Structure formats: structure tokens, C-alpha cells
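The following pair of complexes shares a single chain, chain A, combined with chain B in the former and chain C in the latter.
Up next, the complex of A and B:
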């Protein structure tokens, strides 16, 4: 044996031991107010992280050394699997992904507890206890029912190999980003619980963890979009989102986390909605754990559920304990969680934020309903059924339209109350832009009410956001006499939270434009002999020939398809249908010609010995904007994350005050 | 919302908020209930045995089972195959593109309707038999 696999189980046992020690020490530190015990608890968490890291290294060396004496290695890798995808195999199965989850959890916990020592020392003990408790649970799973280090006898000569669908660069980034998002919410969750347990219910629990929340939310957002991009480019059904239970599992915590990100602003500025905020982060984390459970329990059939394991019976009690314990402590602290202000007026920033929250939570509830309704129906009436995309689309079109409109209105309204006249003045230009867009589209023949509303609201909201940028930079220009670009970048730089947020909103608008384009997609499926043509959405596709070749892993069948549009020759595209030898499975490689106006998307669905091929072709208008919008969102998130934290904001006050403050730290 | 602190601010129009909130919640609940009635929002699973014994229902069904080996026939865009639950076999015909994992002994779910001995599917999902334990 050339690998370090032998270190696996002892490392996990050591990690569990340190997590237990950390839990006990943090509890002692919290209840006895002992800083020494808390500090030792923090160090135990760091040791737990180190031990978990060693277990990950052990599994990785086993994968790279093709140590098929481990069942996990034999099941998820093979000798022909190329290097980078060994990392894919690390989270390709349940045991490995739980191990990866735990690595992230203990790593994030170590860093967050260390950093919180300075900003929120009084919350560290309880937060450490909560995080160590969660780590104990996951390590227990890894030691008892789901060990990635289970031996396999007899040792096979080669492994089964990773599912070819997962051998794609997107699959190297998508799962870790989702897990980073899921696990990242552990930190704000733990500090919220710590605030409740220690009765320190000021804003410090969420201001000091805001970067964690933003970081987790950003990772989850980009992870979800990458999952969609992977489905679009790999699965070959012409879409990017199928309302699959596991997609829903990642979408639900995203929705509640988005609500949370907005509603904490009300608490920060106006000391309101305190119960709501702790409940939202509790719900977000519960949904993140529920997402992990759904993905990994096999309770719902889904293409993502690659493994069906017995861990449901472990996860459900854990989830129940977390929810009931969390809700219990919220109820016990209701008196301390009273709002210090009231809603003054319907026409206020507070109401806009509240409306945002209602919509996002309703959206999350709708997804939850559609996802668990089949389970409820089976348990209560024995009927096996499933809830399909028509349900989710019917809910999300109205909710999404309301949310996108609110994205435009919200930032225009002032805190406390706004007069109708003032609102009218700021809303005039965006409203005109929205109306002109709707009118223009109507004249050019668009009749779908949903699409008209979607594009109109997108124009409205884009106008509102761009208006904010122009107002902000105009103020800066009149004051400092600089060029427009300088003024714009300086405006963004000086208020990164605000303008970073607007840039994220702008990205969302672009994504919605891309989603709305789906209303105009066209699809054709045809069986073609060589030389025959089919037409789809303005394109004429002519099937020329089928080229066959082979590599050690697969037989490659490439169709040569000439593209013409309005009689103009536009070159050829080359969809493939390959046969993977190790998995004995065909896989289609989609040919996509993408652009801002529309994507041409061609798949070979089958071919026969005579060389006749069945081609499925889609024209997907505006899909390109989804990925561009995600890029814009990412740049906004980067600006948000680079905004000074609470400590640095204090450091921005004049130097003579900053110096002594820095000395005391 | 449970603000009890008295401030110099005039008392807010509280009932308005509650009525507004109730209306919003009612509308959202209505949207969800309405969405559940959309065609295709809900579809029932059915096994080959249930279909063979005449327990066919109207509307959108999902036939779940395993592809009988050597039963797959392709004729142009039309694919015909037998689905079994180890007790009964049902013939499925579809003109939809078949997923990559579709082959002999694949576990499949066919979405469609049943009539005169044949299940006509508009979409077929498949799980590869080597990766998934046969369990329906």
C-alpha cells in the first residue's frame, strides 16, 4: 500500500475527540465566563481542523495511488481517471462529500472564532460550542455509518470510475462552491445562537459575521449559476434549471439568505425585526443542512442523488434538534428581542425591505412545498407523485416579477417615510424607461404578458439603478471637478456596500432578462440522412457526415452540421455522441454557438449504422445574459466583500482618534 | 413589528399594516394553490402492475420501472421499449430524445399517459444501472 489511507480512521477519531473537547471547553468557558477555557476550546477546534485535514489528505493520496482496497476509491475513481478529477472523486460520493463538508466546517470555525476574539469576544464561547456541536455530529457520521475509509475485499484491479457526467471542469468548482455556501452559513448561525444564549442581542452578532454571510451567499449564488451552466452545456436538454429536488435544496437556503442579507440592514439602521432576523438565519442554516440531507439521503429520486445511504435517520433528528432548540431559545428571549422602533409609514425603505423579505420567504416556502409535497403525500395518503416544473414556474413568474420591480423601487425610497411628490420625482425616469420598453416590444410583435412585464420591469429597475449611479457620481463631480469615469469609480469606492449592492442588483436584472428570453425558445427534433436539412428559429441546419474516431477512454462520433441563417453560410458546428468504454455509457457533447441575441444549441440524440442521425436543435434567445449577469453579480459581490468591516469603519475616523484605538487592540 | 416603546413619533397606522400583511399572505398562498392546479404541476407515479390491473388514472402519469433487456426498438425518432416491475410488463412508446443513461436494465421514469395497452411518453428519465441499485 503506497497511500496514507491507514491514517484515515485514526485522524477522524482524533478529529471527533478534539471536536468533543472543544465543545466541552467552550461550554465551560460560556457558563463559567472562563476566558482560558474558551481559548483552549478554540485551540481544540483548530486541532480538530488539522485532524480532519489529515483525513482528507489520507483519502486524496488513496485516490491518487489507486488504492482500491478502499471501497470509496474503488467506487468513485479508476486508473484512467485524470488527475484533476481525483478531486472531483473526493466529493463525488456521499462519504467523501461529508468529509469535505466537515473540513470546510472546522476550517471556517477555526478562522471565524480566531477573528471574533477581537470583535465580539463575548460571543466566542457560545459560538464555539455551537460550531463544535455541529462538527461532532458530522464527524460521528464519518466515524460510524459513513466512513470513507471502509475496506473492500477482494481488492479489485480497477475502480468503477467517476460518472462521465461529473468529469467536467464545472463539476470541479460547482460542488465545492455549494458546500462553501452551505457551510459558510454555519458562522452567522452560530453567532446568532451565541447572541441568544448569552443575551447579547445588539447588532454585533451579524455585523461581525457579515462578511461570512456575504461570502457564503456569494459562493452559493455562483455555485448555483455554475450548476445551471453545467446542466446547460453537458446534459443536452437545452435548459439550465429543471426544479430537480437537489437544485431546489440549494435554492431554498439561497432565498432565505437573500432575505436575511436585506433584513439585517433594517436591524442595523433601525433596531427592528430582531426576532425575524435570528429566525431567518436559523431557517437558512436548517435549509442548508436539509439540503445536504436531501442530496445525500436518497429520500427523493433525482439525478443528483448518486448514492442512497442510510443517513436519513441521522440527519432528521439532528435537523429537528437544531430547529426546535433554535426556536426554543428564540422564544425564551422574546422579551430581549423587542424592536426599538416602529414602522412609520408604508412608503418607507423599511416597508420595501419587509416586502422583499415576504417575497423571498414566500418563494422559499413555495420551493419547500413543491419539494416535500411528494413526501407528505406518500406518508399521509400513500400516493406516490411528483411536483413538476409547471408548479414552480407558475409560482416564480409572479414572485420573480414582483421581486425584480421591488429591486428597482426599494433603493429609491428613503428611510422612515417618503412623500408622494419626492417618490414621483425619483421614479419618473425609470418608469418612462420601463414603459418605453414595453411599448417598443409590443409594437415589434411581442404579445406574451409575462415577457412584456419582465422586460419592462427589468428596464425600470436598470433605469433606477443607473440613476443612483449617475446621481452619486454627479454629486462627486460637482464637488471635486473630475471626469465622469473617475467620479463613478470614486463614488463606488467610497461607498462599496451601497454601490456593490447595486451592481449585484444589476447582475440580477441581466439574469432575469436571460430567464425571460426562455419564453421565446424554439426546439426541433428531426431524423436526418446525410445532406438533409432541418430548420429551427431562422437557422437551416444541414447534416453533412458522421466522423468516427476513438481514444483510450471513448469512441467519438462527431456530426458535421452546416449552419445557414437567412441563406447566409455561417460555417459548421460539431455535436458529438461518444461512447465511454469504462462506464459502457453513451454521452452527448452539445455543440453551442452562443451570443448576446441567441444561442444555437445542437445535440445528436442517436444515430444508426447507415450514418443517419437524429438531431435535436434549440434556439435559446438571451440565455447568454444569464452568465454575463452572474459575472456582474460576482464583481458586485467582490466590491461588497472588499468593503471595510466594522473594525475598519471605526479606523476610518480621523487619525488622532484612530491611533490610541489601534494601540488598545 | 412588536414595537412597544413609546416615542415622540405619532402612533403608526398599525391596523393598516396588519390588513396589508394579511392580504399579501393570502395572495401568496393563493398563488401557490393556483400553481398546484396548473397542468403538469402534479403527476402520480404508477407501476406496470397497477397499469396492467386497470388502475390507470387519467391525466399525467409517471410510469416507473426497469427497461426489459433486448426490448428497445428504434424506428426513426420513435423509441419503443418494455418497462417491468418484475411482475408485469408495459409497452412504452415515445418520440422524445432518450437520455444517455437509457439502455437495457436502466431504471426509468416515463412521463405521459396510458391508453389501449400502450404508454405514450412525452419525456423519459433514466438512471444508469451500474451506478444505481435497482430500487423503485
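Up next, the complex of A and C:
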């Protein structure tokens, strides 16, 4: 062994020990109201994090030292793998990704428990127990069936190397962000369960974890978009979302978490939907763990799925315990979870939020159902069938469009109640924008009903949101007599939660515009000899030559393709078809010329000894807006995360308890 | 305004029709509706395998020969089995895949509507009732007037 890998197994055993200690101490702290035990449990969690960190350092040093005496290092790295991708190799295989997951879990748990220690001790104690229990489960996986430190004999001279598709800058960011999202939901989940267990069912559990929820949701959102960007630039099929089971696994918790982020506002403002909110965060975390199970059990076939492993049978009992235990405790606390208020009127923002929640949960259910249906059908009837993108598009797109419509309606309606007349006044401008957009597109020749509705609803929602910005800054300008830019920035700054949320919504609208552009994509495929041309969209592509070169990792074959549009020369693009030596695997590198109107996307699918090349070319309208929308979302998330937390809702304690002196006077 | 929106949508729905211009568009559309026999869990359109490229070319050839979409799909199903279709059939066991999300969605919507109606305050409250802030009708009128003044002319 030429590295610190020898520290790996002892570190994992130590981490498991400290997680167990933390679990016991936090349980003692919770059941005996012992703050000392809780504080010791918190410290044990910090030690667990430190030991897990040491295990990660051990694996990283083994990767960088090319210590092929470890099976993991031999399988997921090679001598020619460049430095940054050694970090990618850390989460490129199942065992390493579980280790990374556990590092995040113990790290987040340490920080969350430390930050929340000032709040109710019993809440923190129960949350600590839940988090330590989850950490015990993942550390047991790492110690027993999926150790990244398993020895390999005989020791090979070189490793197999990381999958070439994973050797992309996006893959250095996308998986950590997804894991951050998945693991981040552990914190609100643990505090929700702690609230139920400790009967502390006021707002403290979600005010303590509001930033964690937003942080996890933001990381998952950006992670999902980056996954799409990776697929678009690396996989070479001209798209970014394939309703692949693993994509679905990340999308389902995103949908329920988005519902939670909206419905928790109702609890915050009106002390309503308490059962719904704890159920939603339970469902979100269960779906995150279920996604991990799907990814690692080998039960579903997917381009992303890790090879079939033995850990599926570990995940199912854990998932069942979490779901049944969580639902059981929710049912046991139904009386304490009764709403303190009622809806005042059907025409209210509360109703819009509830409708939005129903749509998000229905969408999550539709995606879950489509993902698991092939297994259910085969198990129950022996019939094998496929559920692919056409099914998901048919089921999800109507729900998605309804959600976009509600995104526009929500901000227009006031809390508690709104008269029809008042609603009519605020909705007419956005409605006109939507209708004019549909008519304009229709007159200009667009005939896709889905695209027309999507663009119309996007215009409606954008109009509604921009109207909110306009109204807000106009009030500020009227009051303080300042310029429009100053008024706008001050308006956002004074209410970052509200306007940060609107900016996120604007980002979503831009993403939907980009997605709707997919209805107009053009695709052509041709086998070309040097000097021959093909047409796609308004472009003429002329294949000039094939240039060959090599690097230590791969043989590189670059096609020089001249681009012309309407007879005008537009320069050249350079798609590649490379052969990775360690993996003996070909891989295409896409050439993309991107812009706000459309992307020209060219891939070499094959070439022969004479240098003839098969080119696949796409013109993808408006795809650029997906990435711009993600950037806008990110800026909105940053504003949201920078906002001060909601004023802590005072626990509804009777006056004589809250003010004993006054009561006894 | 309502009439304008309904008229717009009616016009769009009545006259919209998908149009696939040529054989290659038909072939691309088919490849998006069948699973790849060579890449598990991926449609033929998205599969990077060389054999997938050959199968896409074969579908294109069929389309150029004048075979209809249904004929090509049947031919693929005969060759590769029913799992080649990327969506479950709308009959038998496959029907459940389609109708359950529909029923679940309708059920959830009905449940939400029922909850909303149940939770909405009974109509015997005074018109100007507000549990937290006691605002009279006169206050509301003044507030509306001030807001209208602030918004400026419509």
C-alpha cells in the first residue's frame, strides 16, 4: 500500500462508533431532557464527521498515489487520469459516492445541530438522534457490503480508469450538487421528525431549518440543470432530459420539496397545513433515499445506474422504516397538528398555494408511477413493458403547464380573500400578454398546441411577475422620489424573500421557454465524404477533413465542418470522435454553436478508413434560454438565501405560563 | 377579455395539426417513440451505439420507401418484442399505467377542492369580518381609493 489507504477502514469503524454514540447520547438527551447528554451527542456527531473526513482523505490519497491495491482505485482511476478527475473518481463509483454522501451527511448534521443548539434542547436532541441513526445506516453500508477500501490481488499495473463520459467539467460539479440536495433534506426531515417526537409542533422546526431547506433545494435545482447541461454537451443525442430513471430519481424529491417550500409559507403565515407540511418533508426525504436505492440497487436499467450491487436489500428495510415510522408518528400526532386557522375564502393566495401543492405532488406521483411501473407490471403479471419519454411527456406536460399558469396567478391573489373584481383588474394585463403571444405565434405559423400554450402561459406568468416588480418599485418611487433602478433594487432588498422568489419564478419561465423551443427542433443525419454537404434547418454543413492526433488517454479524430447560413460563411466547427485507450471505448465530443435564437449541434457518429464521416446535426431553437433561466434562478436563490429568516413565531403558550409574574399578581 | 382568451384557444386547437415534412422527420419521430434494444433504458433516438445508428438508418429507409409510421412500429415490435415501444399500450396491463395518474390527479383535485370548501369560512360572517385586523367597509373603500391613486391611471 503506497498511500494513507490503511487509515480507511479504521476511520470508517471509528465514524460508525461515534455515530452510534451520538445516537445513544441524543436519545438519552431527548428522553431524559438532559442537555449534557445532548451536547455530548452533538460532539460525538462532530467526531463522526472528522473520522468520515479522514476516510475520504485516505481514499483521495489512494487515488492520487495510483494505489491499485485497492479495488476501487483500480476500477475507477488510471495513471493517465488527469488530476481534477481524481476528485470525480471519488464519487464516480458506488462505494466512493456512498462515502461522499456520508461525509456530507455527517458534516451537515454537525453544523445544523451546532447552529440549532440555542433552540429547544429536546428538539435538537431528537433531531440529533434521527441524524445519527441515518449516519449509522450509511456507515454500516460502508463498513459491511460496500467498503471503498477492499483490497485487490494481484495488484494491477494500471487501473481501468474513469468512464470517459464522466471525464467532463460538469461531472465535477453535478454529482456533488445533487448529493448536497439529497443529503441537505436530511436536516429539515430530522427536525420535522424531532418536532413530532418531542411534541414541539410550533414553527420552530421549520424556522430552524428554513435555510437548510432552501440550500438543499437550490443545490438540487442547479444540480439537475447541470445534469441536463452535461447530457447536452457530452451524450451527443441533441437533448438534455431523457426521463431516465436516475433523472427521475432527482426530479421527484425536487417536485415535493418545491411543494413544501410553498406550503410551509402557509404554516408560517396562517398556522395551517401542519400535517401536510411534515408529510411533504417526510415524502421528500423518502424520495431522495428511494432515488439512491434506485441508482444503486440495479433494479432499473439506466445509463447512469451504478452496476448491480448487494445494497438494494439494505435500502428497502431502511426506506420502509423511515416511511412507516414517519407516517406512524404523524398519525399519532394528528390532534396536536390541527390547524389554528381556517381558509377565509376560495379566492385567496392560500387556495392558489394549495392548488400548486396538489399539482406538484400529482406530478411527483406521475413520475414515480412511470418509473416503477415496469417493475410492478412484471412482478404482478409477468408482462414486460417499457415506460419511456412519450409516457412522461404525455402525463407531465399538462401538469407542468398548469403549474406555470398558477405560478403567474399566485402572486396576483392576496392572502385571505380577494374579490373577483379586484382579481379581474390585476389579471387583465398578464392575460392580455398571454393571449397576444399565442395569437402572434399562431399568425406567424406556429401550430403546436403544446408550444402555443407553453409560450402563452410563460408570457402570462412573466407579465404577472414583472407587474409585481413594477407595482412594488412604483410605491417606492412615489414615496422616496428616486429613480427606477434605485427603486427596483431597494424594493428587492427590502423584501428579499418575496422578490427572490419572484426572480426564481422568472428563471423557471425562461427554462420553460427553452423547453418549449424543443417543439421546433430539426435533426438530420448524413454520411459525407470530404467536400460533401448536408442541410439542417437554415444551415449548410460542408465536411472538409478529418484531423487525427493523440494524447496519453485517447486517440483524437476531429472533423472540420464549414458552416454556411443563407449563403453566408459562418466559419467552422470541430466535432470529435475519440477512442479512449484505457477503457477501449469510443466517445463523441459534440460541437455546439449556441445563441439566444437557436443552437447548431453537430456530432460525428462514426467514420471509416477513407475518412468518410457520419454526421448527426440538430438545430435546437431557444435551448440557450434553459441555461440563462438556470442562472436567473440561481440569482433568485442567492437573494432568497441572503434574506433574514422569518420572525420567529412566538410559541402559543398561555399568557399565565409565558408571564408567570403577571399571572400571579 | 374572457371571450378573447377562449376564442384564441379555440382557434388554436381547431386549426393546429402536427405535420411531419419528410421521411427523415418520420424516422426521427419513430426513434423517439421506441426504446433502444442496445442501450438499456434509453430511446433509440438517444442511444449512441453504432447498432442504434444502423437501426435508425433502417427506419429512415423504410420511411423513404413509403411505409407508414404504424407499419414501421409493427415491424419493430415483431422484431424486438413489445418492450420496444417506449410507452405502455392503452389496453390490458398497460392501461393502468395511463389511468392511475389521471385518477390520482382527479382524486387529489377533488380532495383539495373539498378541503378548501370545508375550510373556507361560512358565509354568515359579516362582510367586513377579519380575524386579525378590524377593517370596516369604509376603511376598505379608502384603501382601494388610495391604492388606485398610487397606481395611477389604468
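Everything below uses one rule, namely that the second predicted complex is superposed on the first by the 640 of 665 C-alpha atoms of A that agree within 3 Å, B and C clash if a C-alpha of one lies under 4 Å from a C-alpha of the other, contacts with A are read in each partner's own complex, and residues count from 1 in each chain.
Definition applied: a contact is a pair of C-beta atoms (placed from the backbone, for glycine too) under 8 Å apart; a residue touches a chain by one contact, two chains touch by 3 or more.
Computed from a prediction, not measured in an experiment: that's the story for all the values here.
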Superposed partners chain B and chain C on chain A - clash or fit: clash
First (chain B), second (chain C), both or neither touched by A:523: second
Touched partner set for A:342, first chain B, second chain C, both or neither: both
First (chain B), second (chain C), both or neither touched by A:332: neither
Which of chain B and chain C A:390 touches, first, second, both or neither: both
Which superposed partner A:144 touches (first chain B, second chain C, both, neither): neither
First, second, both or neither for A:358, with chain B first and chain C second: both
Chain B versus chain C, judged by how many residues of chain A each one touches: C
Which of chain B and chain C A:597 touches, first, second, both or neither: neither
First, second, both or neither for A:160, with chain B first and chain C second: first
Chain A residues contacted in one complex by chain B, in the other by chain C: 236-237, 301, 303, 339, 341-346, 355, 358, 362, 365-366, 369, 373, 383-391, 394-395, 399, 525, 588, 605-606, 614
Contacting residues of chain B [partner chain A, same complex]: 1-5, 7, 9, 12-13, 16-17, 20-21, 24-25, 28, 31-32, 34-36, 38-45, 60, 62, 74, 76-77, 95-98, 100-101, 103, 109, 125, 127-128, 130-133, 135
Contact footprint of chain C on chain A as seen in their complex: 235-237, 239, 242, 244-245, 300-303, 305, 339, 341-346, 351, 354-355, 357-358, 361-362, 365-366, 369-370, 373, 377, 380-381, 383-391, 394-395, 399, 416, 424-425, 428, 431-432, 434-435, 438-439, 442, 447-449, 452-453, 456, 471, 474-475, 478, 523-525, 588, 605-606, 614
Interface residues, chain A side, partner chain B - complex: 160, 163, 165, 236-237, 272-273, 275, 301, 303, 306, 308, 338-346, 355, 358, 362, 365-366, 369, 373, 383-392, 394-395, 398-399, 525-527, 583-588, 603, 605-606, 608, 614, 616
Touching residues on chain C, where the partner in the complex is chain A: 1, 4-5, 8-9, 11-13, 15-19, 24, 28, 32-33, 35, 39-43, 45-48, 50, 53, 56-57, 60, 81-89, 92-94, 96-98, 100-101, 104-105, 108-109, 111-112, 115-117, 119-121, 130-131, 150-152, 154
